[in-house]
Amino acid sequence: MTKLLELRGLCKRFGGLVATDALDLVIAPGEIHALIGPNGAGKTTVIGQVAGELRPDAGSIHLAGADITRLSIPARVRAGLTRSFQVTSLLPQSSALENVAIVEQLRQGHSFRFWRDAGGDPARTGPARAMLERVGLAARADIPAEDLAHGEQRQLELAMALATQPRLLLLDEPMAGLGPTESAAMTALLAGLKGQVAMLLVEHDMDAVFALADRVTVLLHGRAIACDTPASIRANPAVRDAYLGEA
Amino acid sequence: MTLLLEQLLNGLQYGVMLFLMAAGLTLVFGIMGLINLAHGSLYMVGAYAAAWVQQRTGSFLAGLAAGLSAAAVLGMALEAAILRRLYGRDHLDQVLATFGIILFSNEAVAILFGRQPMMAGPPPWLAGAVEIVPGVPYPVYRLAIIVVGMAVAAGLYGLIAHTRIGMLVRAGATHREMVGALGVRIGLLFTAVFGLGALLAGLAGALTGPLLSVQVGMGERILITTFVVIVIGGLGSVRGALAGAMLVGMVDTLTRAFLPGALREVMAASDADALGAGLSSMAVFILMAAVLLWRPRGLFPAHG
Amino acid sequence: MLSIRGLQAAYGHSPVLFGIDLDVGAGEVVSLMGRNGMGKTTTIRCVMGLMRGRAGAITFHGRDLAGMPPHAIARLGIGLVPEGRLVFPTLTVRENLLATARPGAWTVARIHALFPRLAERAQQRAATLSGGEQQMLAIGRALMTNPRLLVLDEATEGLAPLIRAEIWACLAALKAEGQSILVVDKNLAALRHLADRMTIIEKGRTMWSGTPAELDAGPDLAQRFLGV
Amino acid sequence: MADTKRQAMVLGVCLALMVALPAIAAWTARPDFVTLGSQIAVLAIAAAGLDLLIGRTGLPSFGHAAWFGLGGYAVGIMAVHAGDGSLPGWVTQAWFAWPAAVLVAALAALVIGALCLRTGGVSFIMITLAFAQMFYFLFVALSAYGGDDGLGMRRRNAVPGIGPRDDVAFYYVCLVALVGVLFLLRRIARSRFGLVLDGIRQNERRMMAIGLAPYRYKLAAFVISAAIAGLAGALHVNLFRFASPDLLHWTMSGELMVMVVLGGIGTVVGPVFGAAAMVLLHNFLAQWTEHWMIVMGPILVGVVLLARAGIWGAIGGRR
């Protein structure tokens, strides 16, 4: 199997807490890989290290064979690795369209252009409108991000990440705070991307996880206690214990 | 050699003064997230109140008491009336509002006391000099400042490390909301910490009177140097404030004392004096730049 | 003792609570259950005054908590063990217990008897504790305020089974002493034995309230609202 | 954000007033109005430039007086050396002196900004303040250029077609410079660069997560803002034919900041109103009392606590 992302022996401690404990993980191109586990198991810490916000204490991170352990966040994005945030993180005063257009602009090269009016530049807004269409926000393009409903903000969050044209998307709880219909819509949206972009998905909504994931890794105390297909994970007693503590 | 010893003590004395200022400022920032430019005004008020009462009563101690209480009372009044509205606001708002307070207090002091500097000598029982080592006389008053400063530093350490208030201050610096959710009246704690910071600024001001002239604008001069201390030491860290204060006190004093002389060795005397004066007044800022290059968060960055 | 009626709340523009009803009587252990993201922590934050509800009423011993600051609510006798533990990392274990303590039956010695591990680590900084030890410390810290109602938000999540068992045992001991407890957790097995009554919320609404026996009578309930 | 109709109207009236100011001054026999107008224009240039940093990028610099003063001293010092023959006479030509002042401010800001931007938040405020004060002390110590007493300039930098003592013409030069700077800032605000700055202000972490390395852009904004302040400083020294360390004093930095916030933060033209309000208020209050700051201080506290949108926001009907 070819490896798009590989974590080798990743370790991270915070004081006396071992957040990530010698974690190995492999994601193939196009694979949707879910990372589940109880709160405090260290899922967000893993995302943070892969995205480049946290530096691991030991171990290495490889994207398509290249060691990216010491790369900055923006450099990782340019290498094709983008994250979304658990708590929605947008440009609140900018319109939905502008939130995506700025991503498009950054992808097209440096922004040391001081003179030309960029607000209506079709090179920015064209692809951005197409992206909003794709996530179902076309009708809300001109609304400031802070005035969108929570579900729409989650969609916009995803649109921004997708607009970087990543090879691997790190999704930190994309369903957080969504109602049942919104969750279903988001799940369908992600399912539609299957095969086009690989994903490392952290999610508590098990319906979504089992609907989307090709493989599931269960994290407990920073260690992977199981890594298998969704069906086998569902049947795994160690996993049930990790969640419910029926020791 | 004797000159060096004398200047080292001068540096220590200046460092102690800076620490009194920096400790309050950094505590207030650490727990309340407030940048208070008016901290220098509290220093000035302490100095004026002390000098004025000392002139009236002839008693240095009465002046000292007046300086301390004036700064502490004014500090807590400011906190209650204005500053507590700024805790949740962004730093730009805090800077502007406290800038407004500076403008006001500088003018108010100018109206009350005039623009002429006020003088207040050390008390007779601290006047004169002692020989610290044979042949090296040193002013008793400056030694007293060093002793007082050291005692305050030790007391502050004891307060923060060993008392309930100190625990709450440290706890509040990391999980402020949690301290309140466990039943502590956080507003009262804030006022107390602010009052303590104001008291220290007032102490610094009152002690300064007999050394320098007491005048409008004195607060901002030391405030900006205090900022340098805090940036070097690490924002929010009292230990950092101590280290930064000593470092800045020494560097400033020693370059002022020795740099022009050193430059005279390599250039004409008048040029050396001019360049030396310029460079030594910039020395602490250059030190700050070097620390920023090496450790952007300061020598002892606070946790969290 | 604690009563929540029709509580609604929102983060900015996104509503999260649509109608929470919950009661805790004196000496009772009540569990608030539901999957992640259903509004349990938000409910707790509203009780503690850390967040304002949009509608509904919260009363404690008959007093309306609306508009009261967190410290006043805590002083009425609610001791919070927050989600994520939030022990004070730069303080020692002993200082964590003492910093916010209020006088009453609980003392450092009694906490040490309850959690002997904390006695061993009394002079260590809390940041150096393991997750389980931090959890014990957070519980001890809340008890030191001598609360009439102890509120635990996800106190066992992510802990090793042995540690978890220790915490459940401790809660059972507290219950035996007559301590009222509101416990937010997902661990049905342990709560079956501990809780007098259970409230299940889903998508920001109270869906069901009853005793553990009633929950067992309708087995699909657990599967529907709590299942993995 | 789009300007409201009311704002556009007010802007038109103000521009007309400013163009007509010399005529009004002549008619009311108050030639000092012209100097006042020039002063407003010059300070407005500096404040508008600072707003690029504070309002657009979200970087509250408290050391902007440094660049203002450096630009001012640059023209002053060149004039001294042209006077004693150590520099050729053409360095006092405006076409050379003013761009040179801009360049001096920009280069210094490049070095200092590179350091200051290694930190953020409160540290950034303290460090910019401290470095500006460093330049202040430097010029106080530079006795060759007047030290504390400041540096006089015998005549203004030569602008073709304008007499050196023609205050009205110089006023129009300042006005043209102001309009030019505002136009430039308006273009920048709407350019790709400006949109990136907007993003950094709103959510820097998010901008990094979509691939932006923010440091270079923040530094560029810092330098542009300083360059504009350098131009303003050069004009200021020309206006009064005098440079002193007061130009670099920290209170100057504070006043520029106040102009930005008073006028309306992040609005391009707002700071002009802030500058006008400060200068006029100063002059008005100074007629009554030399202690005008005692009124200014509380006004400032009130504006911060109560009226966040500033004058420009109030004109637009926002609060």
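Some observations on this one:
Note that the chains are named A, B, C and D in the order they appear, and that numbering of residues resets to 1 at the start of each chain.
Everything that follows uses one rule, which is that contacts are C-beta pairs under 8 Å (C-beta built on N, C-alpha and C of every residue); 3 or more make two chains touch, one makes a residue touch a chain.
The structure presented is a predicted model; accordingly, all values stated were derived computationally and were not measured.
Shared contact partners of chain B and chain C are absent. The minimum number of touch steps linking chain A to chain C comes to 1.
Looking at contact counts per chain pair, the maximum sits at B-D. Distance between Cα centroids is largest for the pairing of chain D with C. Between the Cα centres of chain C and chain D there is a gap of 56 Å.
Each chain gets one centre point, the mean of its Cα atoms, and the points for chain A and chain B are 48 Å apart. In this assembly, the C-alpha centroid of chain B lies 31 Å from the C-alpha centroid of chain D.
Chain A and chain D have CA centres that are 44 Å apart.
Contact of a single residue of chain C with at least two other chains is seen at positions 89, 127.
Taken chain by chain, the contacts form a single closed ring in which each chain touches exactly two others.
Which chains touch which is summed up as A-C, A-D, B-C, B-D. Interface residues of chain C facing chain A in the complex, by the touch rule stated above, are 11-14, 16, 35-37, 83-84, 89, 125, 127-131, 133-134, 154, 156-161, 164-165, 186-190, 203, 228.
Contact residues of chain B toward chain D in the complex are 29, 35, 82, 85-86, 91-93, 95-97, 99-108, 110-111, 220, 224, 227-228, 230-231, 235, 274, 277-278, 281-282, 285-286, 288-289, 292-293, 296-298.
Per the touch definition, chain A reaches chain D in the complex via residues 51, 72-75, 77-78, 82-83, 85, 89-94, 98, 101-103, 105-107, 111-119, 121, 124, 160-161, 163-164. Those residues of chain B lying in contact with chain C across their complex are 164, 167-168, 170-171, 173-175, 177-186, 303-304.
Contacts from chain D toward chain A in the complex involve residues 187-188, 190-196, 198-199, 202-203, 205-213, 217, 220.
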